[in-house]
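Below are two complexes that have chain A in common, paired first with chain B and then with chain C.
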Partner chain A sequence: MASPHPGTQLLQTAASLRGEFGAELNDRLMESYLEESARIASGAVSRTGQRARLSLDRTVDRILTSRTLGFPLMLLLLWGVFWLTIAGANVPSSMLASLTMDWGAPRLHALADLLQAPAWLSGFLIDGVYLAMAWVLSVMLPPMAIFFPLFTLLEDLGYLPRVAFNLDRLFQRAGAHGKQALTMMMGYGCNAAGVVSTRIIDSPRERLIAILTNNFSICNGRWPTLILMGTIFIGAMAPAGLSSVIASGSVVATCLLGIAFTLAVSAVLSRTWLRGEASTFSLELPPYRPPRVLQTLYTSVIDRTLIVLGRAMVMAAPAGAVIWLIGNIHIGGASIAAHLVSALGPLGWLMGLNGVILLAYIVAIPANEIIVPSILMLTLTATSLEPSLAGMASPGVMVEFEDATVHQVLTAGGWTMLTAVNLMLFALLHNPCSTTILTIWKETKSLRWTAAATLIPLALGFAVCTVTAAVARALGWV
Partner chain B sequence: MTTLDRLSPGQRATITSLAAQGAERRRLMDLGFIPGVEIEVEMGNPLGDPRAFRLLGGVVALRREQAREIGIQVQPEETPTHVA
Partner chain C sequence: MSPETQTAPAVPSESKCATCPVHNASELRRLGVNMDRWDFVVALMGNPNTGKSTVFNALTGLRQHVGNWVGKTVSRAEGGFRLAETNYKLVDLPGTYSLVSSSHHEEVARDFLLFGQPDVTVVVVDATRLERNLILVLQVLEITGRVVVALNLMDEARRHGLEVDARDLTRQLGVPVVPMSARRGEGIRELLQAIDEVAKGRFVPRPRRLDHQDPRLEAALRRILPEIEAAFPHLPNARWVALRLLDGDHSIIRAIEEGSLGDIDRMAAKALPDLRARELTEEN
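Moving on, here comes the complex of A and B:
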C-alpha cells in the first residue's frame, strides 16, 4: 500500500477538525476579522463631517423611497429627463440636418458630377448610404448627447439602486429577480447591453426571464420614433405652450407600458416555462456622491454616445443602400418597394398600421434607428401622393423635413391618430434588433430561447396593435 | 430575541445569529451580517418590502424572507421610557 498523499492527509485533518469545531468556526473567524478591522479602522480613519453627510443622505433617502412620494418622484424625474431631451434636442437636430443634408448632399452630388460618376453610383452612395448615415447622425446625436449625460448623472448620484429598491416588490410578485430592475434600466440605453448585464443575476431561471423581457425596455434606437410620433401627432393636439409637456408625457406613458409588459411577461414565464424558487435579494445602497460633472460628461459622451452612434451609423449605411435599391429597381412597372408595400398592406391595415411601416420594420431589423427615415422615404416613393408632396424627393432618397411637413406627408399617406399611436405601440412591442438577437444567442447558446426572445414581443405587438385598431374602428374613432 | 424582519424603525439591535446556510450565509456575512454587529432600520419602501438596514456604516436592502433568517437582540432604547 502506498503511503497517503500529503494533500489527502491535510484534507482528513481538516474534516476531523471541522467535526470538532462545527460550522461555528467560520463564523468565529469572520467575527474576529471584523473585530480586528474595526480596531485598525478606528485608529486610522478620521470621520470629520461624516455625521452631517449621513443625516442628509438619510433625509434624501427617506423622501425618495417614501410611501407617498417615492413613485411620484420617480415619474417626475423620468418625465423631466425626457422633457429636457425633447425640448433640448430640437434645435441642434435641425442644425445638423441642414448641415449634412441641405448643405452637404448637393455638394457631394456636385463633386460626383465633376468626377463624372455614373448616376446609379452617386445615387447609391450619396442618396442611399450617405443620407442614411447623415439622418442617423442628426436625429440621434443631439438627444443622446442630452439623455446619456442626464442618465449617467442619476447613475453617478446613486439614484438607480434606489429605483431598484422601490420596484423590487413588483419584481418579486412577478417571480423575477430584484436585480432585473437594474438590467431593465440598462436596456433603456441599449437592449444588447441590457442582455449582457443580466450576467449579474446568478440564477439561470431568473436570468432567462430578464433576457426574455429586456426588449420591453425602449432602447436608444426607438426613442426617436416615439419622440417624433409624440411630438407631431399627440403633442400637436395640445395647446402650443403644453405640447412638449404632453409629447414627453406620451413617451413616458409608452415607457411605463413597457414596464407593465416586463412585469406581466415575467409573471407568466415564472409560472409556466420558467417555474421555480425565487432567489434571495440583497442590494447595497451606496451613499450619495456629489456628481463629478466633467467626468460624467466625458464618459457619457465618449463611452456611450459615440459608441452607440458609431454602431448606428455602421448599421444605417447598408440599410440606406437597400432602401435606395428597392426604391429604384423596377419589376413589372413598379419598384420592388411598391410591390412589397402592397403585399404587406392588408396585414398593416389589420394592425392599424400600413404596408410602408411593416416594410420599414423589415428593412430596419439591423438598427431601429432608421425606422422613421425609412417610413418617410417609402411613403414618398411607394404610395401615390399629390404631386406637390411627391416632388419633394426622388425615389429611395432618405429625406429630412420639418415636423410640420412630416405631418403633412404622413397625413397625405393616409395616416391617422390610430396609425401614430399604434406605431408607438409597435415601436415598444416588436422583435429586438439583429445585434440584440445575436447577443441573446451568445448569452444563452440556445436557439429556442433566442427564438422565444424574438417572437414573444413580436407576437404581443401584432396582438396589441390588432386589438387597438379593432376597438378604435368599432368605436368609430377613425 | 427576535428576527430582523420585526425590527421597528428607530430601534437599534445587535445581530445574534444567522439561520441561512451555504452561499446565502456567505453572502450575508460578506455584507456585514455577522453576530455582534449593530443594526437599525434605515428606510422602508413605498410598497412595504424590501427594507433597507444600516450596519457598519453602509446600507443594505433585504427582502422580508431574508430578514427573517437573521436573529437579533433589540437594545433598550436610550431614553428609557418604554421597551419594545
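Moving on, here comes the complex of A and C:
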C-alpha cells in the first residue's frame, strides 16, 4: 500500500462532524438560502401598479382547480373543443373529398387511359394508393387543423397543469405517480411521445405503470375514428340542431372512459405486479400566459398537424395498396380479403364488431390513422352490397364519401349502432401502434413489459366489446 | 485549453467597432446542432417553466418544443452558436428548484455543473417569482462564479406591476444580471454580450457567497476546510464541497471515493494559470 486515498481521511472527518448536526443541517441550510434570497429580492423588486393580475390569476385558479367546479369545467372545455372540431371540420372535409375523389380520381383514370396503362396498374395506383391517401387527407386534415391548435392554445395558456392538478388526487388513490396525469396528457397527442415523457417520473415502479397505461390516452390517429363514428351513427340519431353536440359528447365520453381505464388499470397494477409506495412530488401551477396565437398556430400546424398527416399518408399508401391487392387477387372463387373477413367473422360477431373491422385493425397496426379508410375499402371489397351502392364501387375502390354515404355503405355492410359503439370502444382499447410498441421496448428494455403493454389493452378491448355485445343482444337492443 | 486563448488578447487592439457589443451581438450565427468544435461550453439552468427552452431556441435557432408546463425538458439538449469569432456550445439542463436534494433532475444539473465544468453558467430566473428563483442562483454561485443571470419574463413582471432592478441585483449577486423577455426576443443581445464577457474573463465575477451565520457550522467548516484544501488544493469551490459533506451528500462522497473530484482538482490546476494570463491581459 502506497499513500492512502487522498479523500479517506477527509471522509472520516466529515462523517464524525456530521454526527454533531444530524438531519437538521439540511433544513437549516435551506432556511438560510431562503432568507438570503428573500433579502436580495426585497431590495430589487418594487411594486408599481396594483396587483390586479396576480390576484386575478389566483381567483381563476381557485375556480379551475376547485373541488366542485374543477371537473365540470374540465368536461365543458373538452366538450367545447370537440364540438368546435366536429362542427367546423364538416364543410372543409367534404370539399376536400369532392376535390380529390369526385374530381381528381376520374381525371387520373382518364389520364391513365390516355397513357394506355394496363387496368391492373391504374387500379393499383389510383384506386389503391391514391384514393387511400386522398381519403386520409380529406378526413384527417380539417379536424386536425382545428383540434391541434385549440389543444396547443390550452397548453400554452397553462391549463394542462391544472388538469393534472385536478387529476392528481385520483392518481394518488390509484397508487400511481401524480405526474402520470401529465404523461397521460402527452399521450393524447401521441402515445409514443407519451411513453417517452414518462421519464419525468423518477420511481421505476410508477414509471412502468405510466407506460403500461399510456395507451388508454386516445392519440391523434384515433380521434378521427371516434369523431366519424360519433358523427354518423350517434350524432345522426339526435335532432339536427343537436347532432354535433351529441356527437362531441360521445367522443368526450370515450375519452373519459379512457381516463377511467387508466386509473383502474393503474390501481390494479400498483396492488399486484407493481406494488410499492407512492412517492410525493410538488406540482407548480405556472402562471397563465397569454398565448402567442400566431406562433402557436404555426407550430401546431407544422409540428403536429403536418407530421401526423404525413405519417398517415405514408402509411396509407402501402395500406391502400395491400387492401387493393387482397381485394383483387382471387383464390378459389373469392378474394383473399373475403377469405380473411369470413375467417375473422365469428370472432368479430362475438365482439359486436365484424370481420372487416378486425382485418382493418391488422392492416393498420403500423398506424391507427388509417383504420377508417381501411374499413371502408374492405367493406366495399369483401362484402356483398346492394346493387345501388355496389354500382358506386368496384372491389377495393373507395369512392365519393359524404358522411351520409358512409353511413349508407356501412349499414349495407351490416353495421348497427352496436357496431359503431363497439368500434369506438375498440378504438380506445386495443394494442398500441407499432411505433409505440417499439418506443416502449426502447424505454423499458424488457420484452415482458413490452408484451404486457401490448396485450393488456387488447385483452381489455376484447373483454369490454364482448360483454357490451352480449348485454346489448340479451336486452334486445340489436 | 482552446484556440481561443490565443485570439482573445488580440481583440482589444482591433478597431473599436469589433469590440462594440452591438456589433458583436449582431454577428450572432445560430449553429443548431451542427457544431463539431467549440471554444466555450455554456450551461443553461433555471427553475422549471422559466423559459429556458425559449432562451435555448433563441440562441441556437433550434426549435425544441416549448410548453407552458413543468418538467418538459426531460433530458439535456445541446446546440451551438457562434459569436465574435467564438464557438459556443450550449447545454440545456432540466429545470430544478435547488441543487441540494436528491431528485434525478437535480442530480443531472448539478453533476454537469460540477463535472462538466461549463465555462459559463446561465441561470434563467422568472422575474415574477424572484424570491424563489434566487435560491437556485445562490446555490449555483457557491459552485461556480462564472455565472450570468438571465432575468427572464420581464414583460410578465411589468404586466403584474412589478419593477425589478437588474442593476441592484448585479451589485448584490456579483455577476451580470440581464433583464430580458426571451419570447419577444428582448434582451437576447445583452445576454450574449454578458456570456461573452464572462467566458473571456472580461467581467470578473465577485459571486455572493452565503454566510450561514451559524457558529457551530462555522466551527465545523473551520475543521474540515483545511483537510479539503490539503486533499484538493485547486478546487474552486471547497467551501461548497465542505457543506455538502457535512450534509452527507451521497454523490459528493462517491465523487471523492471514486476520484472524480480529484480529476476536477487536477483540471483546475491546469486551467488556473491560463485564466490568470487572460485576466492580466485584460488589466493591461
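As a convention for this text, the second predicted complex is superposed on the first by the 426 of 478 C-alpha atoms of A that agree within 3 Å, B and C clash if a C-alpha of one lies under 4 Å from a C-alpha of the other, contacts with A are read in each partner's own complex, and residues count from 1 in each chain.
We adopt the following convention: a residue touches a chain if its C-beta (ideal position, glycine included) is under 8 Å from a C-beta of that chain, and two chains touch if they have at least 3 such contacts.
This structure is a prediction, so every number in the text was calculated from the model and none was measured.
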| item | value |
| --- | --- |
| First, second, both or neither for A:Phe71, with chain B first and chain C second | first |
| First, second, both or neither for A:Arg292, with chain B first and chain C second | second |
| Comparing the two partners chain B and chain C, which touches a greater set of residues in chain A | C |
| First (chain B), second (chain C), both or neither touched by A:Phe165 | first |
| Which of chain B and chain C A:Thr59 touches, first, second, both or neither | neither |
| Touched partner set for A:Leu34, first chain B, second chain C, both or neither | both |
| First (chain B), second (chain C), both or neither touched by A:Ala44 | second |
| Partner chain in contact with A:Leu11 - chain B first, chain C second, else both or neither | second |
| Which of chain B and chain C A:Lys179 touches, first, second, both or neither | second |
| Overlap of chain C and chain B interfaces on chain A (superposed complexes) | 30, 34, 283-284, 286-287 |
| In the complex, chain A residues that touch chain B | 27, 30-31, 34-35, 58, 61-62, 65-68, 70-71, 165-166, 168-170, 172, 178, 280-287 |
| Touching residues on chain A, where the partner in the complex is chain C | 5-7, 9-11, 13-14, 17-18, 20-21, 25-26, 28-30, 32-34, 36-38, 40-54, 155-158, 160-161, 179, 182, 196-197, 199-200, 202, 283-284, 286-287, 289, 292, 299, 303 |
| Of chain C, residues touching chain A in the complex | 48-49, 63, 65, 67-71, 74-75, 98, 100, 103-104, 128, 130-135, 137-139, 156, 159-166, 168-169, 172-173, 183, 208, 210, 212-214, 216-217, 220, 223-224, 227-228, 231-232, 243, 245-248, 253, 256-257, 259, 261-262 |
| Footprint of chain A on chain B - complex, ascending | 18, 24, 27-29, 31-32, 34-37, 42-50, 52, 58-63, 65-66 |
